[in-house]
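Below is a structure I'd like to ask you about.
Every chain is named by a letter (A, B, C and D) in the order it is written, and numbering of its residues begins at 1.
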């Protein structure tokens, strides 16, 4: 048997398997069990401890390039808040498309809660440049940075914003972030104003964020798709009524994404094992031949 | 208005390190210029460059040189220009075709001058033609698309990926591998080194990239500067070791001096 | 309607790019060349809107004498084009020299202050201790020092130095392998994003118009 | 000789020292505020001018390709078409002419032509190209991760552990141990935070010194490849 041929798999076979391994789980979820970890559990518990009198600030600090990881986090947090009747203030600080992401998420989630009234239960203030300066100013007054909401309604005409004036009226800041903006929420807003901060970030930037978690500047962290899928799992366990939304076909969420991740990782690892298995056989044959020649 | 005319947070450790560093580098440049022989060990990736160009000559295919995705204000790009000068000298001597696509327009201006000069110096100005060095686009992924397309169509025998690379590193290196080219990479981007190390035949890592141009030139002053840099490094290694020993005895001076407030 | 057209256009171009995985073909070549052109045009728009107009043209037209200092970059910028006039082509070098020299100077101090000093400081630890195991700090020091010695150019990798630099290589390999494995997840997320676009977004937007 | 060699090198030396010296000073010293506020802005403007150098080269090269009917010349047409349409939209947006009010959305929230092209041509192409990495990372791993020698084995093992530890698979593998679910994720975090960080730190310190040495060579005029200047 020609072992060398066995190890030279056409790379297009690898590509095809990866493509299928990504597509099939998205269209037809497998539903690997998701175990949850403390950073996510703490995040969830904090939101769970809030109610109708509290307001959460959700900041969209990511853009389209990291949407597959970050969208599910934003959606799960919004659903969680709306299910509990928590008031939500939405802003976007990421210059490259943060405002689009926020708009799309609200467009998707709000219709699922027909009782919500814009301006009373939630507001969308839009995008503001200069993340750190903006964060500081919001500590003084939201109206200083956002004179009106995304549609141009002045803040004093929005019932919710007459009660939520600055961070003092915010029970929790949630930042869904792709790079440094999430860090600033921790080391600037949490440090200077004492407002609790929880962050969802991409897998690539997660290691950096653990330092803030350790130092207590963040009370919770969702790291990449894995973190997002954990949050979704906690949400479904606590509110089984949300389950149909998450198992519906034709809708993307982190659990489906995580299925795809798991399948793709498994494909890559199996290929590595296969390659090394054949390589081992080749080596053994070469050694045997070398012995015979002696 | 600040209280002092100097910035106290910067005039501690950073200034001391800068002065020590400049002292060693200038000292060894001087020694080298006075004729002192300075030993620098062989660096595998650098030694392989001539071999790669030689192979392209045998196969009659081109050499592709990518000066990275960084701009000219990135020091890695300047290091890449120094290597390019050498590679262009080789392609001129071996009369093999060279292709240098660019992402940054200022780098493009500099690479064209560098290649032209290398051909003049090699005594083969007639082999230089301006289309060798051309501009593609400023976008990272559009640039990668064009370059990967170039690779599969021209099938270069040797590919140099030297400079600042970001996510596009693997797109290019993997495509280059698939067309069977010898690939020599060099970057100081810590996040991209793993991909080059896994896919390319030789990789100049971090420091080796910056030393490559000086090493290749063989000029005494250049070699002297590497020596000076090495001595600073030795000093830092010593500093770390002493610092750790002091830490064991609960003395934090060394650590605190190098901690920026 | 423009949204529908746009989404299908985007989907078509995505498939053109993906076709490269099978092999090079005219569809990929079309997408690739279009991409090169459009992206360059995109940066023309970005540079003129975000840089040239607000930082130079608008200040100069609004208050010329107050912003006359902006003539310095204007001249340095125009000077780049002397390269097209052979007799004074050398002048273009001056702009490059100024540009490079400024950044090189910045780099020199930034690298020493922002990277060397803090990274050295963080390595000076009590050997016993760490967030994960009690020997984390020790491993950290051995790793940093051996990698530094691996890069040491003045001595051959022989005897003791050879052994230490070998340990340095092991650390490098461990780091590279881990970083590679760690990145896989992020890259697959990108593909998930594209699959969503092709098979979920396109379908949903199309169904809105049907 | 003076104009072509000495002058650029003198300029390099003087300009290069400016950021180094001002780095240690505060705004109390004359000129420091100017350097900090203005020079960076100047450099950005110079890069803005440079883009046209590239554009000119691309246009020339592709027109030549079309004129000489070189193989693949029709693709040069699509390239130029993309460049001229998008570039024109961009310049019109900068000048705020007619429907080209911005490079993003118009005041009423609808797409300007430039933004429409960005969203439906530029962004999908970028994202598609970027996502090819998912395939390449897989094929590179399959081909390169072999137990060839000690170094390659370490590389492979680290990659394998981390890949396993990042998915639910990693939790199943050791689930028979007490607290086994968290074992591999823990190992993953440890590798990233300790040995990987040590390697990175070593590379960073060394590379920073190398970069500083190169900077010094440039400022002293020893390294001059970037200027395309012949040695004496």
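Everything that follows uses one rule, which is that a contact is a pair of C-beta atoms (placed from the backbone, for glycine too) under 8 Å apart; a residue touches a chain by one contact, two chains touch by 3 or more.
Just so it is clear, the structure is predicted and the values come from calculations on it, not from any experiment.
Averaged over CA atoms, how far is the centre of chain B from the centre of chain C? Could you give it in whole Å?
15
Rounded to the nearest whole Å, what is the centre-to-centre distance of chain A and chain D, using the mean of the C-alpha atoms as each centre?
25
Averaging only over C-alpha atoms, locate the centres of chain A and chain B and give their separation in whole Å.
37
Going through chain A residue by residue, note those that touch at least 2 other chains and give them in order.
Touching at least two other chains: 11, 15, 18-19, 22, 65, 203, 207, 226, 261, 264-265, 268.
Send over the residues of chain D in touch with two or more other chains.
Residues 20, 23, 43, 46-47, 50-55, 58, 72, 122-123, 125-127, 129-130, 132-135, 137-139, 141, 143, 145, 155-156, 160, 163, 166, 189, 192-193, 200, 203-207, 209, 211-212, 214-216, 218, 226-229 of chain D touch two or more partner chains.
Could you say which residues in chain C touch two or more other chains, in rising order?
Expected reply: 17, 20-21, 29, 31-33, 35-40, 42-43, 80, 93, 96, 99-100, 103-104, 107-109, 111-113, 116, 120, 123, 131, 141, 144-145, 148, 151, 172, 175-177, 179-180, 182-185, 188, 190-191, 193.
So that we know how the chains sit together, what is the shape of their touch graph: line, ring, star, complete or other?
Here the contact pattern is something else, fitting no line, ring, star or complete shape.
Judged by the touch rule stated earlier, which pairs of chains are there in contact?
Listed by label, chains in contact pair as A-C, A-D, B-C, B-D, C-D.
Under the definition above, what is the set of chain B residues touching chain C in their complex?
10, 13-14, 17-18, 21, 38-41, 43, 72-75, 78, 106, 109-110, 113, 136-139, 141-143, 145-146, 148-149, 152-153, 191, 193-195, 197-198, 205-208, 211, 226-227, 230-231, 233-234, 236-237, 239-241, 243-244, 247-248, 254-255, 257-260
Which of the residues in chain D come into contact with chain B in the complex?
20, 23-29, 43, 46-47, 50-55, 57-58, 61, 72, 122, 125-126, 129-130, 132-133, 136-137, 139-141, 143-145, 155, 200, 203-207, 209-218, 220, 222-223, 225-231
How about chain B: which of its residues touch chain D in the complex?
The touching residues are 1-2, 4-7, 10-11, 14-15, 18, 21-22, 25, 29, 71-73, 75-76, 78-79, 81-82, 84-85, 102, 104-106, 108-110, 112-114, 116-117, 120-121, 131, 134-139, 141-142, 144-145, 153, 167, 170-171, 173-175, 177, 188, 190, 193, 195, 197-199, 205-211, 213-214, 219, 221-222, 225-226, 228-229, 232-233, 236.
Using the touch rule from the top, collect the residues of chain A that touch chain D in their complex.
9, 11, 14-15, 18-19, 22, 32-35, 37, 64-65, 203, 207, 210, 226, 258, 261-262, 264-269, 271-272, 275-276, 279-280
Okay, in this complex, where on chain D does chain A touch?
Its residues touching chain A are 123, 126-127, 130, 134-135, 137-139, 141-143, 145-147, 156, 160, 163-164, 166-169, 171, 181-182, 185, 189, 192-193.
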